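See the structures that follow.
The two complexes that follow have chain A in common; it is paired with chain B in the first and with chain C in the second.
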Partner chain A sequence: MSDPHTPMIAQIAQAPAQGMITLRGALSARKIAAAARAVAGVAMPGPLECRFDGARGIGWMSPDEALILLPRQDVAEALASLQKALVGVHATVVDVSDARAVFRVTGPHAREVLAKLSPADLSPAAFGPGAMRRTRLAQVPVAIWAEGDGAFSLICFRSVAVYVGALLAEAAQPGGAVGYFPSGA
Partner chain B sequence: MSFRLETGGRLIDRAAPLDFAFDGQDCTGFAGDTLAAALLANDRVMVARSFKYHRPRGAVAAGAEEPNALVGLGQGARFEPNQRATTTELFQGLVAESQNRFPSLAFDIGALNARLARVLPAGFYYKTFLWPRAFWKHVYEPVIRQSAGLGRAPTDPDADRYEHFHAHVDLLVVGGGVAGLQAALVAGRAGAQVLLIEQTAHWGGRAPVDGVQIDGKPADAWIKSALQELKDMDNVSLRTRTQGAGVYDHGYALAHERLTDHAPDTPGPRHRLWKIRARQIVTATGAIERPLAFPGNDVPGVMLAGAVRDYVVNWAVAPGARTVIVTNNDDAYRTALALLDAGLAVPAILDARAVADGPLVQAARARGVRVLTDRAVVKVKGKTRVTGVGIGNAGGIGLPVESIACDAVAMSGGWSPVVHLWSHCGGKLVWDEARAMFRPDAARAPGGQDGQPFVLAAGAANGALAAGACQADAGRAGAAAAAALGLAANAKAAVARAEDEAPMQPIWIMPGRAGPDLRMKMFLDYQNDVKVSDVQLAAREGYESVEHTKRYTTLGMATDQGKLSNINGLAVLADSLGTTIPQVGTTTFRPPYTPLTMGAIAGEARGEIFQPLRRTPMQDWHEDHNAAFEPVGQWRRPYCYPQPGELREAAVYREVSNTRRNVGLLDASTLGKLLVQGPDAGKFLDLVYTNMMSTLKPGRCRYGLMCSENGFLMDDGVVARLSEDAFVCHTTSGGADHVHQHLEEWLQTEWWDLKVHVVNLTEQFAQVAVVGPKARVLLERLGGMDLSKEALSFMWWSEGTLAGIPARVFRISFSGELSFEVAVPAGQGRAFWDACLAAGADLGVMPYGTEALHIMRAEKGFVMIGDETDGTVIPQDLGLDWAVSKKKDDFIGKRAQQRPHMVDPERWKLVGLETLDGSVLPDGAYALDKGQTANGQRNTQGRVTSTYFSPTLGRGIAMGLVRHGPDRMGEVIEFARLDGPPQPARIVSPVFYDPEGEKQNV
Partner chain C sequence: MLILTCPYCGVAADETELAPGGQAHLTRQGPGADSAAFEAYLFHRKNPKGVHFERWRHAHGCGKWFHAARDTVTLQVFGTYPAQSLTPPDTILKAIAATYPGFEWEGEA
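Presenting the complex of A and B:
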């Protein structure tokens, strides 16, 4: 299967531990948006979007849920700061860093590898840098975001990390380029 | 004989010869051949035996509609039965075998059935095997099963890989003939995102074979330039070898791409199933020629006229040296001309029409072909291949007036638009009387969510059979699709031209007044051996609905789904019923258009990734320590941990005893953990649990029950109040996702005014139950928290660090022992587990699995969701009235539990059960009652819900639901057994162990 002359069509890597905080609440409320911005360093993204500034960012998960991404070691401080800022506001912040696994999918056909497994519209036009989708990968829920340069990040629940890794590896097997999306897009 | 022509063949590469084997014989062909073409080139006309009568059969078509030429393809792990030779591209080393014959294709024992045809009419099975009744099971069915089925199933696991691919497009164009190309051009030029798919390896369809001129050039030239223009558009994608398989609601379509069937050793997946979301779909799927129903129309060498010229023009293969043509239309004359162009003889054209004088007819006459009007084939000579035909009057009774020697017959009964994809999602058809065909009714197209049509038929598939009309119609369809997408398009199509055709004349049986003997030889459905006489018999026996006739006769039920037989069959039915074809209507067109491989449907889901298996943070440890696993939802939980040489049963008993005596560890990470937070969290939980949760003090735990709206017990678990506005709700392992969804649904649809958030934290925490008299000692050794009885009493929780790991410790027990459930961040779950094992080594710490958990909870009389409950059980049945609040105004299930049936004192209620001899009751066994039901079955009064051997008590224990059970303590009742006489058991309290609860409360 791994003939050196026919390489994998994308590279799959499980990323190291990532700090993650779930924020539930009215995302457009001034206090909530400001509190999130204070710890994530970016403004609250709109629907189906994510925003990053270096290692920090926010992903839009649903109309009342955002996922704050940050370095693992900063989670405790960020939680405390959020809780302080949101006293008296109906919002829930909770550490979910251990709940998920993170994968990075890169290489010329990364987009096609994902489109084999996810029913979301992942075409370059619909899913460019800054886009984020909660969708499914084969039989499990995931969230995917596009980072530009044909690189993608994906999160899944930690219990299915082995399954997701195997799925992505299967979809990236040599000879599997679909030739539907432009290479590297 | 059939043979390869010296010159020609637009699809073959004579410089690339290929070797292949058919039934063990070496043959050769060329790159570009289909297997069917190559077999004909090797003079293999008969390639199969039919399903029912085992009649010799050869290819009748040249494409996807082929019913006869099915072969077993490949070997070993790449063997696949029922592959159509007409759509199988030849490759070096291809190995194929004929099917449905024994011992060989030429000499077949099953052919005996053909002699019995007279006693094997439609409905034979239904009529014959009714009596004697016992014979069905022991004689008839085994014999029928033995002879049923087409081809043989593969025995090895499939060697190939398969995958899916999701595409979202503005416009999907199905069919890469000139119509599909034209529609794609028009929409593509307008800026639509277009996916154009073609089932064969070649673009352009049959226009080049039919001599169509487009924009003044031969079709091939226009196809080439059209393709180039499409390739140059960034917004157009082109796929060959990709068949539109099905059209579904909301613009969903399936397409089946065959990547390596023509080159099996290429790396990569063999097939790719495209799951397409299209805003608009154009079906440019062409038309299929209809056979004529004359006696002997299934003898190898009798082919569709269009297929004959396909073989000649595309692959330079002559199906015969002398071909008689029989037709009811002008199009078949193109075949005569193609044969003449190839230097082959056409002894006669039999035209069923009284007058034939169109330009094509004139052209044939001008080249000296004998054209006989008002004539029919009344007999086909030859058994395993055609040797001649008898001809007679088209409207006669079948008296031959002349005999003509020939080795092939090209027949044409007219063309039927391929309306399958149009019809899959509800597109309706209209009967075109003048041209005797069903075509799409644009006024009743498949509608999308906005009620507007999302499927457009184009070209021949829309009934525009003539070249000029076809091209123009395709331009119109492309522009209409673009307009529906909000794009301005120019519908102007290329100008296509072919010879004009005079009207065809519908001919459904030939000769028109044939008697029963001849009608028994007129085949409608080749693959299922359904003849004109069968359909007529069905009509006489009262089958009026076409759907019933289909099932009674099996017309159209074979793997080709009646692509050739459909119209002819229902025309014969209409005639027999004395009604019209539109009155009879068609059967339902269902996807897929042609059979899909199971591999393509499964995609990547096989082997290790057949389905997701959820792993806890301690899964590696369990695997390394020989755990026997059992499925719990998508988790695989350790059932027990057998030691070397230990049986599972013994391991379970050891784990129970050790936990009761020393200390056990359970990986409880799979338990659902839902954070419910917000100012209204307490109020919300009061509504979703049967008991009161809002009164729970922060720091305390309470066991809670969740019911469905209908009052039935759905899930249970311990709720811990974290703070004034936050709770952790534990759910069962299998119920976590469902309960989460349940809570979200109520919050989002009914109680959206409550300020509550639910976050599923199941995966954030690893949870370890440390259970047994030495549990506290073990945890205290880890250091960091005061877990004394004073600091943390039963049903309280506390937060701190243990072994340096942040931990939340719940003092709860599902075993009756001193028990702590410790939640730690999942990433440190394994470290915590290891720390517990190390700290407890000299205490005798051992892990225990789910079976030990089950036994220990049963010894304590604790119910288990899924054992004591089955969706029909309410908390009151289980003696859990104490957990159902009488004070609350409302909770989910409250009203239902007040219905008469729910408060009926006759409901079976939970009790413990002990056999008199200490043996174990069978699981699920029914408690017998006096008398019988109206159906003569024994009355029952209860059933066993859980049953185990208790190593603690050294005897069988069980729980069950028994009528008036709690009032009948000490009474002995009998339980049915499958393997012996009824087993008596005594009704006792369900709490077998430590009824005072002293052990858990230390």
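Presenting the complex of A and C:
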């Protein structure tokens, strides 16, 4: 059991009701990039990047898949406008808001908490602000992105959200800092 | 530990992020093939001590299949290349020849 007087080395919070739309198609195609930009408010990110402007953004998931993040209440409208913009284009858009859970990891050792659970290179040099990577967290697939100021977000399938929440909480127990990365990096 | 760089997304993926797919460059035997050829296609696989061409999937990542050339003894990785390649690219063959002079690809199985 954790000592209530010793703080956790990172704060874990499950984000409430994040809106998510999966867009599949040739991401560099002009029409697809323009449609994504119109609903997300940011340009299509390059490989292994994510871009945000306030509550909206796009994450690069694979050479032909992008994840558009936006407030939950705006999903229906965005989906309709994407489908309208992509008529005749070889692309698919799906509302995946209910399929995934979003966690936010903040605090001085947020990077270490994630690095302890994943085989990915999460060093500050390799995984700076704006970087996104799909990888493995213990036994389940996740996508992690670095928001800057030492905060990270990750998505996992909702069916394993309880498992991921418990994993992160365990890795963030007081005294769990490894000291491999500088604090707050 | 085996680390392969996915040729599609560029991530240096750990072995545990990948799903193995067995020997690469198999020629598919369809319904018209004779039994011996079909049996070979289904079951006969190389198990070399040394250079091996393999299929891998970046399962905990971009999800794409790719090919890798590596040494099964030393775990040296000669390179990875897209799964759409019918033959290993010259750069891969040169990397292998640098370690094993005179190496020649045996061709599709």
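One rule holds for everything that comes next: the second predicted complex is superposed on the first by the 183 of 185 C-alpha atoms of A that agree within 3 Å, B and C clash if a C-alpha of one lies under 4 Å from a C-alpha of the other, contacts with A are read in each partner's own complex, and residues count from 1 in each chain.
Convention: a residue touches a chain if its C-beta (ideal position, glycine included) is under 8 Å from a C-beta of that chain, and two chains touch if they have at least 3 such contacts.
Values in this document were obtained by computation on a predicted structure and should not be read as measured data.
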{"item": "Which of chain B and chain C A:Arg134 touches, first, second, both or neither", "value": "second"}
{"item": "Partner chain in contact with A:Pro119 - chain B first, chain C second, else both or neither", "value": "both"}
{"item": "Touching partner for A:Arg56 - first (chain B), second (chain C), both, neither", "value": "neither"}
{"item": "Partner chain(s) touched by A:Leu167 [first = chain B, second = chain C, both, neither]", "value": "first"}
{"item": "Contacts of A:Pro47 with chain B and chain C, given as first, second, both or neither", "value": "second"}
{"item": "Chain A residues touched - chain C or chain B, whichever exceeds", "value": "B"}
{"item": "Contacts on chain A seen with chain B and repeated with chain C across the two complexes", "value": "119-121"}
{"item": "Sites on chain A touched by chain B in the complex", "value": "3, 6, 17, 22, 24-25, 64, 90-92, 94-100, 112, 115-123, 125-126, 138-140, 157-163, 166-167, 170-171, 173-178, 180"}
{"item": "Chain C residues touching chain A - in the complex, by the definition given at the top", "value": "8-12, 14, 16-17, 59-64"}
{"item": "Parts of chain A lying in touch with chain C, wherever the complex brings them together", "value": "47-48, 61-63, 65, 119-121, 133-136, 141"}
{"item": "In the complex with chain A, residue positions of chain B that touch it", "value": "161, 163-168, 193, 237, 266-269, 272, 275, 277, 603-605, 608-609, 611-617, 634-635, 675, 677-679, 755, 757, 759, 761-765, 825-828"}
